[in-house]
Amino acid sequence: MLETSMFSEIGLNHYLVLSALLFTIGMAGILLRRNLIVVLMSIELMLNAVNISFVAFSKYNMNSEGQVMVFFVMTIAAAEAAVGLAIIVSIFKRFKEVNIRFFEHLKG
Amino acid sequence: MNIGASSSILSLIIFLPLLFALVISFWPQRQTLRELALGFSLIQLAVSLLLLRDFDSTTAALQFTEQFTWIERFGISYFVGVDGISLMLVILTTVLMPIMILGSWKSISEQVKGFHVALFVLQSAMLGSFLAMDAILFYVFWELSLIPMYFIVGIWGGARRIYATVKFFIYTMAGSLLMLLAIIFMMRLTPEVTGGAISASLLDFYKLEIPFIAGDFFTPQTLLFFAFAVAFAIKVPLFPLHTWLPDAHVEAPTPGSVVLAGVMLKMGTYGFLRWVIPLFPDASSHYAWLFIALGLVGIIYGALVAMIQPDMKKLVAYSSVSHMGYVILGLFVMNVYGMGGSLYQMLNHGISTGGLFLLIGMIYERTHSREISKYGGLAAAMPIFTIFFIIVTMSSIAVPLTNGFVGEFLILMGAYQYSFTASIFAVTGVILGATYMLWMVKNIFFGPAGEIVKASEHDPEHRLHDMSKREIAVMLPIVILIFWMGLFPNTIMDYSKQSINHLLQNKQNYSLEVK
Amino acid sequence: MNISIGLADILLISPVIVLFLFSLIPLTTKVLNKNVEQSPATTLVVALMGLGIAAGLLILFGGSDQTIFNGQLLFDGLTKWAGLIAIVSAAAGIVLLYENPSTPYRQFSEIIFLALNSVAGMLILISAINLITVFIGLELMSLSLYLMTAMSQEQKLSKEAAIKYFVLGSIASAIFLYGVSFIFGSTNTVNTAELMQVAAQTIQADKLFLFGIIFVVIGFCFKVSIAPFHAWTPDVYQGAPTPITAFMATAIKTASFAAFLRIAATQVFQGSQNLVDVLQWLAVLTMTVGNVAALVQTNLKRTLAYSSVAHSGYIFIGLITVGLSANSAYSATAVVFYLLTYAVMSIGAFGILSMIEKSENDFVTVDGLAGFAKKQPALALCFTIFLISMAGLPPVLGFFGKLYLFGAAVSEGLIWLALWGILNSVIAVYYYLRPIVSMYMKPGDTDVSDNRLYASTIMVIASAIFIVVVGLFSGPLFTMIERSLS
Amino acid sequence: MDHQILIAVLLLSPLLGFLINGFRFRSQSYVIAGTVATLAVTVSFVCSILLFIELLALPAESRRITAHFFEWINLGDLNINAAFVVDQISSIMLLIITGVGALIHLFSIGYMHHDKGVTKYFSYLNFFVFNMLILVLGDSLVTMFVGWEGVGLCSYLLIGFWFSDSAKAAAGMKAFITNRVGDAAFLLGMFILFMTFGTLNFYELNALAPTTMEASWLGAVTLATLMLFIGATGKSAQIPLYVWLPDAMAGPTPVSALIHAATMVTAGVYMIIRLNPMFVAAPNTMMVIAIVGAATAVMAATIGVVQNDIKKVLAYSTVSQLGYMFLAVGVGAFGAGMMHLMTHAFFKALMFLGSGSVIHAMHEEQDIRKMGGLRKYLPVTHFTFILGWLAIIGFPFFSGFFSKDEILWQSFSSPRGHTLLWVAGALGAVLTAFYMTRLMALTFWGKSRVDKNIHPHESPWTMTVPLIILGILSVISGFIGVPHAIAEFMGHIPNYWQQWLAPVIRPLPIEELQSVTHTLSEEYMLMGISVFLAMCSAIFAYVVYTKKKHIAENTAQSLKPIYNLLDNKYYVDEIYFGAIINPLVKQSRNLWYYIDVNVIDRMTHVASDVATNGGKLVKTLQNGNMQQYAMYVSLGLIIVLSYVLMR
C-alpha cells in the first residue's frame, strides 16, 4: 500500500505525511515555545496528528476500529486539556506567570 | 551427657549468636550487658567445643550436615556441614569472641548494646559462611558479615572511620558481586549434573565439569575462577587489592581489628580452599603461578611497607598483608605441606595478629596514641605488658615453639616443593618479618623513655598502669594457644589432615561425601 | 460483533468499580456537607476500606485468566499480582499522605478521590490487553496523578513538578498513541493477545510496524523512566509531596511496568535484533545514569529518585529478558517480584523521609539525618534495612529480587547486562551507605517531626519486617507468583 | 625409660628455673634468683654427667640414648618428633653447655647482684640453656632449629638486657635479624634435604648421605649444605654475617661468655659436625666453608688488633677462633673442629668472665686504654686470665695448642686442605698472639692508667671460683685429644677424643685420603714454624705495649689508612647499612608512597572520580528546563529510530 504514487491521487501516504508533519510541529512547539498555553496547544496538535493517522489507517484498512479509537483519543485529549489548564490556571493565579522558563527550580 | 550428638548442632552454632543478639538488644540493664555478652560468648564457645568433641577426624566427609529446602524453585537450600577445612575456623571464631568482648570491656563506652549486638550478628554471619554448603546461603552469610563490621568500624572507630568503613565495604562488596554473578552462572549449569533441576548446592557444583582451555582467558572456567578468586582475594587481602585493610584496621576499634584480622580475612582464604580450588581445578592449576607470585609480592611488599609505618596498627595491618600472602602462597602451591600449613597459618594469624591488636588496644586506651615514635622505654613502665607483647611478637615472626613457626615452616616447605625460586622469595619474608616487628618492639619498649613514658612519669594522672587482671585474662588464652599450637600442632592439624589429603588427591574431580 | 456484558465481566471489573465508588464517598459527603471537609481520619478509613475491598476482590476474582469486555481486559496472574502491589503501595502512600506536613487537609477528600481513581486507572492499565484501553488506563492514572502532585501545601515546587510532569507525560502519551496508530495501521489490530501471534514475524517484514513498536516502547520507557526519557523523574519526585513520590515510585511504576511487560511478552522484540540491542543499551544507560547521578546528590529525596531510575534499569533488564525468553513466565516473575521488592522498600524509605520532614518546605538531606539512630533507633534500623535492601545486600528482600532478576538475565545469556547491573550495584552501595553513615556515625539530633505518626510508623515497621521476613522466605512467594503467571 | 626421665630432667630443669624466675621477675633478690638458676643448670649438668657415664657403658658403635616424647609436626611425609638424642657429639656439647653454663651462672650471681633486673636476667639465662639443650639434643634438623632460633631469641633478649640504652636494644635487634638471614637459608637447606631424602632426622640423613662425592655446585647435597652453612655463618658469626657479634657485647659480660663465646656461637660448627656425612659428600661446600673459615679467622684477627674495648677484642677473637673451627670442619677435620670448640669454650669463657671481673672491678669501664697494671689489684683474675691467654695463643701444651695445631696441620695435610689455608691459619695465629698479648699488656701489665676515682678490687668468690675452674680446664683439657704427632713425641698418649668421636664421624673417602701423603717431619716443621711465629709475635706485642708504646702509636700514624680501615672494621657495617638497609627502608617508603598511595588508592579514587564526574555531568544535563527534557525525549526517539530502522 505504500507503493501508491505520491502524485496520482491522495492516498494513505499523504495522510501519514500530514500526520507526521503535524506531530513534528507539535513536538517542535513544545520544544520551542515558552508559553505554557501554546505548549498545551502543541500537545493537542500531537494528539490530533495521531487522530489523523488513526483515521487514515482506518479508512485504508477498511477497519472502523480506528475511528472508534479516535473518539477515545479525543475524549481523553479533552480531559487532558482540562487537567492541564487547571494546573496552568492554578499556577497563573499564584505566580502570574505562564512562561515555561519560570519553572526551573527543580534541577540537578 | 550427650548433648553434642544432636544433629542440629551446626544450626545451633550459627543461630545461637543471633538469638543472643536479640536478647541483648532487649536487655533492660545497661550495667550487666557486658557480663551477659561474655556469658553468651562462653556458651557459644562451649557449644562449638561440643562440635569439636564429636567431630570425626578420620574422614574427609562432610559432617553434621543439615539440609532443608529454602528456595525450591532454584534448588537453593539451607545446607550446612562441617569438615576438616572449616572446623578449626569455626572454633577460632568462637574462641576469639569472648576474648574480644573482654578486650572491649573498657574501650567501648558508648552504645554498648549496639556494639555487642553487632558483634554477635557478625559472629553468626562468619560462622554461617564457614559452614554453608550452599552457594547462595554462603553468599548471604558472606555479605551479611559486612554489615555489622561496617557499623563496628563506622560507629566505634577512629577519626577517619567513615572513610575507612566505606572503603572497606565498597572494596569487599565489589568483589563479592562478581562472585554472585559467577554463582548464578554456575547454578544455571547444574542441571547437567542433577538431571534437570537447578541446584545451588556446593556438592552439585563440585560435580560440574566446566570447560577449560589453557591460554584462552575467555573460557567459562577461567572467567568463573577469576570472578570467585577476585572476591576472595579482596577479602584476604591479596596484593594489590589490599589497600582497604590498613585503613580499616587503623580506624577500627580494637575488637573490630581483632575480628577483622582474626576471622574475616580467613573467610577469603577459606573461600579459596573451599570454593576456588576444588571448583576450578584446571584454572587454579593453570593460574596458580599468578597467585603464588601475588602471594610472594604480598609477603615482601607487605613486610617492606610495614617497616616504614609510623602507626602501630598500620604496621600490624601491613604485616597481615604479608602473613596472608603466605597463606595464599601455601594454598596455591597445591601440596600437602602448603595447604596444611596455610590452614594452620590461618589460625595462627588469627590468634597472633588478634593478640597484637588487643595489646595495641590496651596501650591505646592508656595513652591515646599509636604513634610508634612517641613511645620508647615502655618496658620499664609496663613490664607485664612487655612480656605479653614480646610473646605475641614472637608468634607473629614465627619463632619455633610458637604457633607461627609451624604454619610458616610448612608453607615455606610447600613453596620449596613448588619451586626453589618461590621459596627463596618467601624466606625473605621471614627476615623482613622479624625486622619490622622487632623494630616496632624496640621503638616502643626499649631505648630511653619516650615522650609518652616521660609524660607519665611526671603526671600522676597519666601514670601508665601495667596490665590489669582483666587484661591479663584477655591475653592469657591467646598466649596459651600460641604455645599450645606451637608445641602440639598435631592436636589441631589432625582434624584437617583427611580433608586436605582428600582435596589434593581428588583435585580434578573433587567431591565431598556426606556423613 | 456481539456485545454483551455478563456477570463474569462485572465481577472481574469489580475492583475498579469499587475503587471508583469509594473514591466518591468522601467527596460526596463533603459536597452534601456544604463543602465542609470531614475528619481526614474518616476519609483515610474509607479510602483504605475501598482499597482493601478492591484488593480482596482482585484476589478473589483476578488471576483467573479470563478476558472481559470483549477482549479488552485480561485478568491473569500478572493483573492480580501487579494490581495487588499497586493497591497496597497506594494504600501505603495514602497512609503517608495522612501524616505528612505538606498534605492540604482541607482538600483531603479530593486527593483521596484522585488517588483511588488513579489506582483504578492502574488496574485498567495492568489488565488492559488492547492498546487503546492501555492508553485509557494510562491517562486515568496519570491525569489523577498530575493533580495530586500539584495538591500540596507547598506552593512552588509541587506546582512546577506538576506542570513538568504534565507536559512531558502528555508528550509521552502522544508518542505512545502515535505508535499505536502505526501498529493498528500495519496489523489491523491493537490487541496484544492477537499481536502476539504475528508480532515477531511482522516486525521483520514491516517497517511500519517496527516504527509503531518503537514509539510504543518509548512511550512506556518514559513512564517507567528509562534514560534518556527519565529526565522528569528526579524533578517530579523531588517536587511532589513525599507521600505522592512514594505513590509514584511504587504504584505507578508497578502499573507501568506491568503494562510494559505485556508488550514485551508478545515477544515482539525477538524479531528485531537492533531493537534488542538498543533496549539493552538503554538499560545500561539507565542504570548508570541513575546511579552516578544519585552519587552526587545531597537531597535524599532526589537521591532516591535517581535510585528509582537506576532500579528501573535493573527491572528493564528483566523486561528485556521477558521479551527474549521462550518461557517468559519465569522472567516475568522475576520482574514482578522485583517490582514488589522495590515497592516495599521504596514505601519504607520514602515513609521515613516523610516522617522526618518538619514542614512542607523541608527537604531531608543526607547530613540532615545525623544522629537519627540515637533518637529513633527502631526507625533508623528500618531505614537501614530499606537501604541495604535497595543496595541488594543479603539477607534482605532486595538481594533476592536482584538474584532472581539477574538469574533470569544470565539464563537468557544476557550476562553482560547482569554484569553491568552488578557494577552499578557497587556504585549504588556508596550512596545507599551514606544515609546510614549519617544516621549512625555522625553526631546530631535528627528526629521525626512528630512522635505521634502512628500510622506511618506502623507502616514503615511493617515494611521493614516484610523485607526481612519475606527476604528469608522468598522462595514460596516466588513460586506462587510464577505459578499464577504461567 | 630412665633415660627418658633423665633427658626430661636435663631439659626441663632449666625451663623450670626459667619459669620460677620468670614469674617472680620483679624480685630483686639476687641470692634466690641466682641460686635457683644455678641449681637448675647444675641439675642439668649432673644429668649430663650421668648420661655421659651411661654412654661410656655402651659399646662404641651404639652409643646413643634417645628419648622420644611426642610427635610434634606430622603432615604428609614430614614426621618430626619431639625426640632427643644423646650421643658422642651431643654429650660433649651437653657437658660444655651445662658445665660452663653452671659456672657462668655462678659467676653471674656476683656479677649481677647490683642489677635491678637480676631475676629477669637469670630467667633469661636459664631459658637460654634450655634452648641450647634443645639445639644440641634435637634428633632432627627441625628440632635443632627450634633451639637454634630459641637461643637467638634469648641472645636478643640478653643483648638488649639493658634496654633503656637505645644502642644496646639496637644491638639485640641486629643480632636477631642477622641471625634471621642465616636462618632463612637454614630453612631452605632443610627443605632441600627433606625433598631429596624425605627425612630431616639426623641419623636417617647421615645414613642416606651419598658416598659418592657430588661435583656439581647445584647438586642437592651441595646446595643444601651450602644453605645450612649460610645458616651457620649467621649463628656462628662468620663472614659475611659476623657483624652482629661485636655489637652483641652490649649484653652483660657473663652473657657474652656463655652465649657469645662458649655455646651459642658454636652451634654452627656443631650443626656441621652433626651432619658431617652430608658435608663430606659435598666437597664444594667444604671448600667454601674452609675458605670462609680461614678468611674470617684472619680478618677478625686483624680487626682485633686495633680494638680498645676489652670485650670487643674478645669478641673479634671469638669470631676469629670460630673461623678456625670452620676451617677445621671445612677441611674434613671434624674431630679437630669439635676439639677446638671445646677448648675454646673453656678459655674464651674464662677470658670473658675474666674481663667481666675486670669490668666489675673497674665499675663498668671497658676501655683497655684506661686500664693497665691491674695485676696487683686482681691477682686471681690476672692469673686465670694468663692461663686463658696462653691457651689461646697456642702456647705449647696448653689446651689451645693442641686443638689449634691439629687444625693447622689438617688444613695443610688434608686432601681438602691447601697450603694457603695453612698460611691463613698461621697468620691468624700470629695475629691472635699479638692482639691477645696486647690485651694482656694494656689491661694487666705496665703502668696503671686507671682513673683516680676508681678503686679496683678483686671479685667475690662466686666470680673467682668459676675463673679458677675454667682456668684449670683451659690448661688440661687439651690432653684428651693429643694430636698424633705430639702423642708420638710424648710417649703414645692415645687420642681419646678421636676414638670417642670416630663412630659418628665419616672419614673422607679413601681414594682422597690416599691421594695425599705427608710425613711426620712435615708436621713437626709446620708446627714449629707456627708456634715460633706466634711466640715472636706475642713477645713483640709485649714489648710494644708495655715498654715502647710509641712504636704502636708511630705505626698507627704511619699506616693511617690501614689503621682506619681496621679501626672501622673494614667498614662492613657501613656497607651493609649504606648499600642494603638504608636503601631498603628508603625504597620501602617510596614503594608505599608510589604503589599504595599513588597507584592502587589512586586508581580507586580515579574510579570513584569517574563515577562522580559522570554524576556531575548528569546533574548538568538535568538543568530544570522541561523543554530540554522534551528534547532529550525527542533526541532519544530519533536515535533509537535511526538505529533500529536504518541499520
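In this document, chain identifiers A, B, C and D correspond to the written order of the chains, with residue numbering beginning at 1 in each.
Assume a residue touches a chain if its C-beta (ideal position, glycine included) is under 8 Å from a C-beta of that chain, and two chains touch if they have at least 3 such contacts.
All values reported here derive from a predicted model rather than from experimental measurement.
Looking at which of B-C and B-D shares more C-beta pairs in contact, the answer is the pair B-D. Note on chain placement: the centre of chain A and the centre of chain B lie 66 Å apart, centres being C-alpha means.
The distance from the centre of chain B to the centre of chain C, with each centre set as the mean of the Cα atoms, comes to 43 Å. Measuring from the averaged C-alpha position of chain B to that of chain D gives a distance of 38 Å.
With centres set at the average Cα position, the gap from chain A to chain C is 27 Å.
In chain A, the residues that touch at least two other chains are 27, 30, 103, 105-108. With touch defined as above, residues shared between interfaces to two or more other chains in chain D number as follows: 619, 622, 624, 626, 630.
For chain C, residues touching at least two other chains, in rising order: 163-164, 167, 171, 234-235, 297, 430. Screening every pair of chains for touch gives A-C, A-D, B-C, B-D, C-D. Those residues of chain C whose C-beta lies close enough to touch chain A in the complex are 132, 135-136, 139, 143, 146-147, 150, 155-157, 159-164, 166-167, 170-171, 173-174, 177-178, 180-182, 184-185, 188-190, 208, 234-236, 238-239, 297, 302. On the chain B side of its complex with chain D, the touching residues are 167, 171, 240-243, 246, 301, 304-305, 307-309, 335-337, 340-341, 376-377, 379-380, 383, 387, 390, 394, 399-401, 405-406, 409-410, 412-413, 416-417, 420, 423-424, 427-428, 430-431, 434-435, 438-439, 442, 445-449, 487-490, 493, 497.
The touching residues of chain B, counted against chain C in their complex, run 69-74, 76, 136, 139-141, 143-144, 146-147, 150-151, 154-155, 161-162, 165-166, 169-170, 173-174, 177-178, 180-181, 184-185, 187-188. Across the complex, chain B is touched by residues 25-26, 70-76, 78, 82, 142, 145-146, 148-150, 153, 156-157, 160, 163-166, 169-170, 172-173, 176-177, 180-181, 183-185, 187-188, 190-192, 194-195, 584-585, 587-589, 591-592, 595-596, 599-601, 604 of chain D.
Only residues 619, 622-627, 630-631, 634 of chain D touch chain A when the two sit together in their complex.
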